[in-house]
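Once you scroll down, you'll see the structures, which are given as structure tokens.
Both complexes below contain subunit A, partnered by subunit B and then by subunit C.
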Partner chain A sequence: MQLTQLLVSGLSQGCIYGLIALGFVLIYKATETVNFAQGELMMLGAFAGLFGTVYLGLPFWAAFVGAVGVTALLGVLTERLVLRPILGQPAFAIVMVTLGLGYVGRGLITMIPEVGTETNALPTPFKDEVVKLGGLVIGMEHVVVIAVTVLLCALLYGVFRFTRTGIAMQAASQNQLAAWYMGIPVQRLNGLIWGISAAVAAVAGVLLAPITFVHANMGFIGLKAFPAAVVGGFGSLPGAIVGGLVIGVVESLSGFYLPEGFKDVAAYVVVLVMLVVKPNGLFGENLRKKV
Partner chain B sequence: MSGDAILTLANVESAYGPVKAIRGVSLSVPAGSIVTVLGANGAGKSTILRTISGIIDPQKGFISFEGQPIQGLDPGQIVRRGISHVPEGREVFPLLSVHDNLMMGAYTRSDRDAVAADLETVYGYFPILRERARQEAGQLSGGQQQMLAISRALMSRPKLMLLDEPSLGLSPRLTQEIFAIVTRINRERGTTMLLVEQNAALALEVAHYGYVLEVGRIVMEDTCERLREKEDIQEFYLGMKDAGVRGERRWKKKKTWR
Partner chain C sequence: MRFVFKTSYDQDIGLFRHEGQRFWYALLAVALLVAPWALSEYYLAQLVLICIYGIVGLGLMLLSGYTGLISMGHAAFLGVGAYTEAVLSARGWPFSLSMACAVLLSSATGIVVGLPALRVRGIYLAIATLAFGFIVEEVLTRWEAVTGGNSGLSVGRIELLGWTVSGTTQFYYLCLALAVACTLLVRNLLRAPTGRAFVAIRDSEISAQSMGIHLAWYKTLSFAISAGLTGLAGGLYAHKLRFLSPEQFTVLQSVELLMMVFVGGIGSVHGAFFGAAFVIALPQFISVIAAKLPAAMGSAAGLQATVFGLVLVAFILFEPLGLYGWWFKARTYLDLFPFYRRGMFRRQKAFQKSDRLR
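The block that comes next holds the complex of A and B.
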């Protein structure tokens, strides 16, 4: 029973990691750069949710949708205004820019008087509710995290598998030159990808808020989502989610069964083991990159 | 060779950074014909095609398609106007299914019924693609990928097709097959073709008119029949004149075109 309880909370934490990892992978596949501001996008999404519920008095789900929309827009604008102008610069420069964006995001949030430096609670309609399943007692917020993640993954799968734009996004990530030849607007699709991954980050942020509260440094969770993406095989969307789940569960188990302190390094231990055993990750593509 | 030209290049110069790849190329492609550009490796043949399809913007010169200037337009706009490009080395989308690859060729179109009809036509040209429709394109053989690349370009319902080395890496038999289809498409649909090809013998056989490109400049042009007769072409591109009277070969013969 204890074990199942740990597994469930590990899974829900893993979903959060998975969602952020999904954002990393989406942008990596489309543009071949890693967006290290992914965690900060999540943080901004959570603050947008907080703003909607507490200061605008919106109902939770309305604020949720609003926060996702606003953050998606922010993602699109970031791509258009910051990343597109430096297109063609070395990957290192682009990565540094995203790191810088993360700092800027954190700095701007802490400038907001009172809220920015505090740890804020995001009121939810399902606070303190529990789901009893057999002998299991699961906090409602964990159930919501898992359910929303499943829904979101199904939605993304549908988009990438069946819509013309989604297939074009896949095409552009597989062979950008050929996509240009076909008249696929690669730049515009990349902007859209940034929007989607920002939206996914915002979903993670608002879902995480009831569990860990909203604060300026919550974006550091990105440091654990990155290993999740690596475990999944950087470049695989299902891999990102599975990698997140693996890390979440391992973390939760090691927090209980292993001595104090192991919980915090669990993610990195998993990644190291993974890199030794299967360097391509769980779902890594074995295709070698064509020049 | 001009009045009914669908595509005209006038004095086009393109460069990769500081390296000038084509230096003032002028050529015209009559509607409904197959025109070939011959030349050695690095002569700038592919650059001409890339410049036409908008992947590279020319530094100088004019390109007009159906009387409209198209230089400097986005590749997407150029596809919409009716030019499609079969890139060198096939460049299929390896992880997408054959069907999805073909649909990507029709990305710029929104007339669903006509796209479905064109899909059928294309499967008619290459029945193997229908059999493999659900398979990932990366798993196809080289020849099948070339068929896919040509079909994908057809899916935009082009008026002009740019074919870059369709025989690259294919067996002679497959090459023959591909070229048979290319001429058939040209005949049946009236699609104009601009063909770049290493295999000069084959190119001169299927094309109507030819240009010879050397180090970024057009040095000769004529109908393919007459080009085939020319001594220089025979020597340099068809490899027909390989021994002199006394059995020796003069490798160092200085050759100028002027």
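The block that comes next holds the complex of A and C.
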């Protein structure tokens, strides 16, 4: 019973990691750049949700949609203003740009008087509610995290599988040049991908808010989503979610069964083992150029 | 307009390109030697920090700028060096011996971290080093018997050949001497076959390999030297701050070190010191502009991070060679006067290369 309890809390934490990792993977698959500011986008999404509920007095779900929209717009703008001009520069430079953007985002949030440096509670309609399932007691916020993640994954699957834009995105992610020759507006799609990825991050942020509160440093959880993305194989969307779940569960179990301190490094130990044993991850494809 | 006439092949790899450079570097050396008399205690301490961060920058530059391997865990090497030096000097080991141990231990750690580099690259390497950085940070926090954990560890003075380094001036000379030695080491390495191999690996692993460069050996070597230099800086850092705690060696610190070499100018030895000077000067600059901003914004802790991030993004967008790029352009302008053209350094149109199929 205790094990099940641990598993469920690990899974809900893993969903958050998975959603952030999904953001990395979406951008990586489409543009081959890694967005180190994904955690900060999540943090900004959470702050947008906080602003909507507390300062504009919107109902929770309206604020949720608003926060996702605003963050998606921010993602599109970032791609247009910062990433597109340096397209073609070494990958290292692009990584540094996203790190710099993360710094700016975190710094700007801390500069907001009274809110930025505090830990803020985001009021939710499902606060303090629990779901009793057999002997299991699960906090409502964990249930919401898991449910929304499942919904979001189904939605993304539908978009990529059945819509024209989604199929165009798949084509562009396989070979940008060929896609461009086929008349697919690759640059616009890349902007859109950044938007989607930022929106996914915002969803993760608002869902995480009732669990960890909203504060400027919540973006650091993005650094734990990297192991999730690597474990799943960096180029695979289902892999990102599965990797997130693996990391979440391992963390939750090691927090309980292993001595103190192991919980914080569990994700990194897993990723180091993974890199040594199977660098392509669980779902990664192993592409090789054949001569 | 300056013409450099080459009369021997040695001139191509000489430390100085022409007599003028020799003159300016001699002038710089004199200025640094008389600095303790000209500067106040406070500015001398800043200069010491620039030397220390400059050594870290050199190490990171060698790895990231010249070998093209991203390390997001360099603060861990700094930490290993600092703690080794602190623990050994507390046991009464002489400075030269304990520092040698600090350097060797950091190098050994670097080799261990470099092992994944043989199999993975690019972003995977960044994540592997990041993971390593987190693990070292946790070890420093939890291994309380040696590191003192979160309560920290205080560090004594340097004992060197029966002479106690006391006061900022003496410590400054020590740091300066080590910084100069490290710079010469890196410069000499880079004009030797080893350094050429590093640069070849950075530019293309495949062509480097086909020219007979043993990738595994040179990558590991690069990690070892880089970590060793960083460990050396760590030892000095321990004696500078005289108090160590794990939160000085977080992953965030590693990221800031990377940002430092990027702002200084990736792929240049000058850049390491420019970046160090920038990082040290930034808080002073911030305090100046904070006084001009409204109180609520000016007093916020986020101002420094914001400015640092903006400067980094601006440099990558507009001046990929960082501060060194400015320096280089100014020098070229003077060298070519009056024939400098504005379009000389226009960035060439680059196309994205795919890493997926290799």
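Following the convention adopted for this analysis, the second predicted complex is superposed on the first by the 288 of 291 C-alpha atoms of A that agree within 3 Å, B and C clash if a C-alpha of one lies under 4 Å from a C-alpha of the other, contacts with A are read in each partner's own complex, and residues count from 1 in each chain.
One rule holds in what follows: a residue touches a chain if its C-beta (ideal position, glycine included) is under 8 Å from a C-beta of that chain, and two chains touch if they have at least 3 such contacts.
The model shown is predicted, which means the values in this text are computed figures rather than measured ones.
Once the two complexes are laid over each other on the shared chain, residue contacts for A:Arg164 go to subunit B alone; subunit C is not touched.
In the overlay built on the shared chain, the residue A:Phe92 is in contact with subunit C alone; subunit B does not reach it.
In the overlay built on the shared chain, the residue A:Thr4 is in contact with neither subunit B nor subunit C. Once the two complexes are overlaid on the shared chain, A:Val230 sits against subunit C while remaining clear of subunit B.
After overlaying the two complexes on the shared chain, residue contacts for A:Thr119 are found with neither subunit B nor subunit C. By the touch criterion stated above, A:Trp180 is placed in contact with subunit B alone, subunit C being left untouched.
Once the two structures are overlaid, the count of subunit A residues touched is higher for C than for its counterpart among subunit B and subunit C. Under the contact criterion defined above, the residues of subunit A that touch both subunit B in one complex and subunit C in the other are 287. Across the interface of their complex, subunit C is touched by residues 28, 32, 34, 82, 85-89, 91-93, 95-97, 99-111, 113, 116-117, 176, 216, 223, 226-227, 230, 234-235, 260-261, 264-265, 267-269, 271-272, 275-276, 279, 287-289 of subunit A. Within the complex, the subunit B residues that touch subunit A are 53, 55, 75-80, 84-85, 87, 91-96, 100-101, 103-105, 107-108, 138, 152, 156. Within the complex formed with subunit A, the residues of subunit C that make contact are 64, 68, 70, 116, 119-120, 122-124, 126-128, 130-132, 134-135, 138, 141-142, 251, 255, 258-259, 262, 266, 296-297, 300-310, 312-313, 316-317, 320, 349-352, 354-358. Those residues of subunit A lying in contact with subunit B across their complex are 164, 167-168, 170-171, 174-175, 177-185, 287.
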